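Presented below is the structure to which this report refers.
Going by the order they are written in, the chains are A, B and C; count residues from 1 in each one.
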Amino acid sequence: MTAEALTPALASGRKITFAMRAAHFARGNVLFVVGGCLFLLIVLGAIFAPLIAPYDPTAINFLDKLQGPGFRHLMGTNELGQDIFSQVLFGARTSLMVGVVVISLAIGIGVPIGLVAGFFGGWIDTVLMRISDVFLAFPPLLLPIAITAALGTGLFNAMVALSISWFPWYSRIVRGAVMRINSELYMSAARAMGVSAPRIMMRHALPNSMTPIIVQGSMDFGYSILAAASLSFIGIGAQPPTPEWGLMAAMSRTHFIDSWWTVTFPGMAIFVTVLAMNLVGDGVRDILDPKHQSSH
Amino acid sequence: MTALLSVAHLTKHFPTRHGLVRAVEDVSFDVARGETLAVVGESGCGKTTVALSLLRLLRPDGGQVSFEGVDLEGGGDKAEKAWRQRLSIVFQNPYSSLDPRMRIRSIVGEPLITAYGLRGRELTQRVVRHLGEVGLGAEHLYRFPHEFSGGQRQRIAIARALALEPKLLILDEPTAALDVSVQAQVLNLLQGLQKSMGLSYLFISHNLATVENIADRVLVMYLGRVVEEGPVSKIFTAPCHPYTRGLLDSVPSTDLRRRERFKPVRGEIPSALNPPPGCAFSPRCARAGEECRAAPPPLVPAGADRSHACLHPLSPTG
Amino acid sequence: MSDVLLDISGLHIEFPSLERTVQAVRGCDLSVFKGEVMGLVGESGSGKSMTALACLGLVPPPGRVTGSVRLDGHEVVGAPESHNRPLRGGVAAMIFQNPGKALNPFFTIGRQLTDAIAGVRRISREAAGKIAVDALSEVRIADPTQAMHKYPHQVSGGQLQRAMIAMALSCEPKLVIADEPTTALDVTIQAQVIVLLRDLARVHGLAVLFITHDLGVVGSLCDRLAVMYAGRVVESGPVDALFASPAHPYTASLLRAVPALGRGRAALTQIPGTVPNMAEPPTGCAFHPRCPQAQPRCAIDDPMGRETTDGRTVACHFPLAATANGGIAAGSPAA
């Protein structure tokens, strides 16, 4: 009788289709799917901005200034009569670029430092990590503000400043991962075979420490957009006429009381993007975390 | 005839926060061509430290190591490179010793890339040859370690160790992490390889039954020192050192006639941070006297081919 | 016999997921009598540990348990947690492979023992503390009063395992389930723990279900033995009879494949292949792809366990004859 009870599960032999796999995955990772869809929407908006946008985002039209949201202007216009919907769309391009550049630069600086520190340990580790710690000792945003002030205002400098203040997180993550990997026998095996240190780092240590980097990178993507928008908001990031969400909010802040849409829609864009990336980051962590893998 | 590997007075100490750990103290042994020498002992006895020192993964604090009569120290990078081609290691745990993100071709090929810069078809051919030596087919080349069972992974690790055609393999408990039903496969494979290639093995283990099956000679270690050394057939039938006796009597057996003999040694293995004075085994030894606690007893010969470090040895019948 | 303490019959445990359902246990039958030391031998994936967890209703989700486990007359499978909890500790206690993980590093051994005893037996902490000291001295810890004040990291693995045994015994269970309790220990310490368990079982009339992958340990400790393969008991019986003339080809092969002290350099008979993947167990007899005696029937027809002489069971269509150690006697020294 008990043997019978088992057979349906065993003998059904149903074929697992891609759709079933996808549905199973979506059921287990609802938030990731929601975040991913939102992010996809933003990316599509950014790519097809010239096709979707009803107006030139920089075109000034004083006749239409401070129009409320409606059929002519989906999200209204600002005090220069620029179409906010078009600006938000083009702003997505700026923001996504900021996210990609800041995180890539931070990973590009932080990962090699963490890799070397974690692999060699000892005084090399101490020196490198103390240098990294210096960058973590400042209150958040104060350091980027100071660096941007020194380099000069502008979106590019703001991105560089953000990367410089962000890389130590990646150094720390990679260092921790590499120190853990150091005790794996395949590292000892490679050393015993006389494999050179750079090769061991590149072929063994780096690939096996990528998981936490990917997770952290996708989480930070949203935050870096938020931070860049903050710099633009206080006037040291993107400069007009660049369509940038933080800058848009800053330019219109005097009209917030009487024309709420001028600030609300750029702010919403930032909020949705950061939220989407957080959900994606959480999801990526859950998927890549070996403890979370149900089937093995 | 000179020994293939000769180790003399090997010493390795680890300074720790709580004091000096004498992990290996004055250990000497030879491994002849085609011979299997087993190093047995429990945790903290120093057997793994010996292996790591031979692999140059640890720098010993003293002693000489020579291969085919050539001293390792002072040879420079070139000598070290040649050294690494002559001996390699198979680790205990094949789940950790193969990089999970590499394919089998890269894993087995890594020593060949490092030593000879092989690539492309040449590399593939060599890897296929070594996989064949351990009984694996070329269809496995582009698979990842997680697609294999434990026994197969250990075969892959052995293939990698054979890639540079070494003369000596260090086997660090190569079957301890495997399912019992596949251990024999790996042991038989190792014995076959030894016969066909004339390999020497340094077999590190705590499993005396496995040692009896595979080794010619055995080195028994306790807390960093050699306590007894000699041919397996003699040591296992008539040990001189009470620790060896205790170790043998502690092995659980499927032979029910041995159940009467099953008699554990009393006491615990002392901390390496705070070893007892004199013979480290004396606190657990029924035969120990005052003189045993005075100084560590020296290794003395007992017959032509064996020696022990005990002041009150059990009389060998041989 | 009426004095069956643990009776497992038709136990199935499966872990479902979308693509495949892992059948950890597939129809396990096993009984442990009062006061006997029973060995449960199996390799990784044989389902031995899951069977042990099922005895106390501890199979983790999403595991589905069906069949029957009767522990001292109580049905465990399908019973509510409130029914099973009193059985743990009081009727059956469990010892695990890694004692370091079973104890909290922030509290002394004495405190954890006292808490456990006071909790299960519902007595005052002072009384529980006295019992704890007695329990520690019973497991031959050198200085029990001092050991009470030590933290887990301050004592060796062997001492910790003794403390765990003391904790298990202190609630006076009828059955101790020990899951590879000596695997992580050194050889000489393992021997001490085996002798300790043997003596404790004798003195207290305690039944022990000892789970291990090591046939040697069974040989030194157990009265009876059950061999598990692919989620099912393939053979069981008294240790001496089973070792002298194994009836199931798996048991016979295993005995000849594992090096045993005293057999010299005799070649090992290797078992081909590898332990089966329990998501796709072989059809028919799960051992047939590796079995030297396999016939066509073995691939189709799943053999059920059946009773043979003197309390032995075997699940094989073509059991090895139990006559005069006919060529399959294992564990005996070469000449």
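Just so we're on the same page, a residue touches a chain if its C-beta (ideal position, glycine included) is under 8 Å from a C-beta of that chain, and two chains touch if they have at least 3 such contacts.
Being a predicted model, the structure only gives us computed values, none of them experimental.
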Most widely separated chain from chain B, with each centre as the mean of CA atoms: A
Busiest interface, counted in C-beta pairs: B-C
Whole-Å gap separating chain A and chain C, where each centre is the average of the chain's CA atoms: 50
Chain B and chain C, separation of their C-alpha mean positions in angstrom: 31
Distance between the centres, which are taken as Cα means, of chain B and chain A, whole angstrom: 50
Residue ranges of chain B in contact with chain C within the complex: 42-43, 149-152, 179-185, 187-188, 191, 206-210, 212-214, 233, 236, 246-256, 258-259, 262-266, 268-269
Footprint of chain B on chain A - complex, ascending: 184-186, 188-196, 199, 203-204, 207-208
Parts of chain C lying in touch with chain B, wherever the complex brings them together: 43-44, 156, 158-159, 186-192, 194-195, 213-221, 239-240, 243, 253-255, 257-272, 274-275, 290, 330-333
Residues of chain B touching chain A in the complex: 52, 55-57, 80-81, 84-85, 88-89, 91-93, 96-102, 106, 110-111, 114-115, 157, 160, 164
